[in-house]
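Heads up, the next two complexes both have subunit A, just with different partners, subunit B and then subunit C.
Presenting the complex of A and B:
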């Protein structure tokens, strides 16, 4: 480990100029930025990047965003949710157009990552845009042949807030080893038969079943969501060292 | 010269904050939480804080009651998270680390903080002495909440906040620097926010 750190010191994480190739609206508040990043070194599913914007007078702002694309995909995709009181996200979701460029560096983070072929099942719990790094894992899994038994529990405020809904349905339809459960916490369409409450222990037990001896669980979302979901998994008997979390607060962006 | 992003203006900093917010950071009023795994809940009856020699020998150990009987200080300080948020004028209560080391005979160059949940982080010894580091047990006048590191966390506010290890249970004295959890995963060995030492090579 010390050797890796020494080696790492010689290879700083350089700022690169990313160009927006395509901007895909996902929900009323979130868009996917498909980027061309020259000399992108590649990433692992679950990692994130730092984005740095510079104003004409030199003022700069930085934020972190999760990578949505699989390592196998050509373009680097970030899905960004616009926060109304945010500083960077309203620019990325609203002002940015194809052909615009901005600075980015990464990939960052080596713990909240999943590699296809990892032994055991893959259990994913996402709240809102916390789905983004989990989607990179699902896309990576599909690109690698989709053999890992996988379950996703996704919590969203309403159906229209669900990111990648069509793609999730398609992935689950194509692969019997992937099951997707959805809970809508604020607004349900007429006739909704899915979950209609915040994630709790009973829901986790129904979706994920008893803990397996191997495999990994990844939980990403706002702090309260992650606290509830991760504590719930531990209460169900999951080994805490096999539950990996990534959290974002209500502020930022 | 950094690349100018067309149409980006940004939100300018309150002049009162200038000089207090390191490069690349923005200020928040709430208290975001970042952890790699579930929040541990260690009962106070089994909690202890230890100073461990590089050989593995336990040099000092305090139970929760013994630890809380130590003289503590109130600290008002700014904190800076590597994920870009800074929080100004946070108020903590804790035991200065130099007080925990004062009866320990040692000539270590570094310490590795270890925690419930398996988290570790490395620090030069000189960075946890002289009123620069505390083992904090209260925030804003209240017992430290588990999600913020309670019952006790390290507080080393002059470094990025991942160095202020949550759920800390002791310090291992080291002759040579050894990367902790995040430091082995690409984060800077030292982590000075004013030099923007976020990742390897910064």
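Presenting the complex of A and C:
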């Protein structure tokens, strides 16, 4: 049926049983879960999934997590940051072992999505684990040949909180069209020469330069971070309709 | 914690909307009945900490869409939306 292909799916989202294949620690608080999901229909860079855990007494807790892997990769990967008072993340990061299964549905969302080959430059701003969906875009971009001029501004508390640090350095070293800027807001290693403050308009101007008419910006992280960064870009002259945001709420993840 | 910290994007409603609609609704473009502003549903302002989800117009803050789920039913209110435009190659 012709309509189905365009609109993505024929039936409402269904819960599936995902199996953990591998759990990769990324930082002291975050791990990447590589999952096997039967009949996974594939995803687009930037999309998320919902995870649902059910306790023995029937109580259910549900959270959304961004997909970290590129559509081109074999396994579906989520990177989850552990929130100590969370209901879902302490299980996913800490208790989950390879072979364990949990309920998941997705892929979800069609707005905070980037497709390789989209005309124009790509401007990414991530706060903490807000990097996760942006990383899916960067991996997707690299898999597609890396032609899109891309800048990433990443804010983290400290160097050890930076997700995918080696991979980001490698991606930037391999591709001159990708530049990565880092700001460390709480703790800096000795001799740090990068940014050392919260994202502000001056930093955005230095990293991204004047707005390009066909540029597309994706901003993801805790709500206050996203609103500060997005309004900073708009103040610099970026078209609000080309600044896409994904707020994680007060704590993120 | 302030209310402002709880503000999310319409994107956060995509899972619940996906229980109701067979089409991906957050990439649809909505027009506000109140001020006429258009925005993709994913770009609306979302509040998810109420019993249900409220999506508001980023232009005038009017309530566009409310979804409440529970007790074996889903209740959907679209009174603030003038129109929804679904995009795709076949609509061209």
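Here is the rule we use: the second predicted complex is superposed on the first by the 240 of 253 C-alpha atoms of A that agree within 3 Å, B and C clash if a C-alpha of one lies under 4 Å from a C-alpha of the other, contacts with A are read in each partner's own complex, and residues count from 1 in each chain.
Note that in this section a residue touches a chain if its C-beta (ideal position, glycine included) is under 8 Å from a C-beta of that chain, and two chains touch if they have at least 3 such contacts.
Keep in mind it's a predicted model, so treat the numbers as computed, not measured.
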(message) One more residue to check, A:13. First (subunit B), second (subunit C), both or neither?
(response) both
(message) Just to be sure I read the superposition right, which of the two partners does A:87 touch: subunit B = first, subunit C = second, or both, or neither?
(response) first
(request) For A:103, decide between first (touching subunit B), second (touching subunit C), both and neither. (result) first
(request) Kindly classify A:112 by the partners it touches after superposition: subunit B alone (first), subunit C alone (second), both, or neither? (result) both
(message) By the touch definition at the top of the document, which applies to A:244: first (subunit B), second (subunit C), both, or neither?
(response) both
(request) Check whether subunit B or subunit C contacts more residues of subunit A in the superposed model. (result) B
(message) Is A:223 touching anything from subunit B or subunit C once the two structures are fitted on A? First, second, both or neither.
(response) both
(request) Return first, second, both or neither, reflecting whether A:64 touches subunit B, subunit C, both chains, or no partner chain. (result) both
(request) Jot down the residues of subunit A that show up as touching in both complexes, subunit B in one and subunit C in the other. (result) 2, 5, 8-13, 50, 64, 108-112, 223, 227, 241, 244-245, 247-250
(request) In the complex, go through subunit C and note every residue touching subunit A. (result) 1, 4-12, 14-15, 18-24, 26-27, 39-43, 86, 88-91
(message) For the complex, give me every residue of subunit B touching subunit A.
(response) 2-12, 23-26, 28-40, 83-85, 117-118, 147, 177-179, 181, 183-186, 189, 198-202
(message) For the complex, give me every residue of subunit A touching subunit C.
(response) 2-3, 5-13, 48, 50, 64, 105-106, 108-113, 222-224, 227, 241, 244-250
(message) List the residues on subunit A that touch subunit B in their complex, please.
(response) 1-2, 4-5, 8-13, 15, 17, 50, 52-56, 58-64, 87, 91, 95, 100-103, 108-112, 223, 226-227, 230-231, 233-234, 240-241, 243-245, 247-252
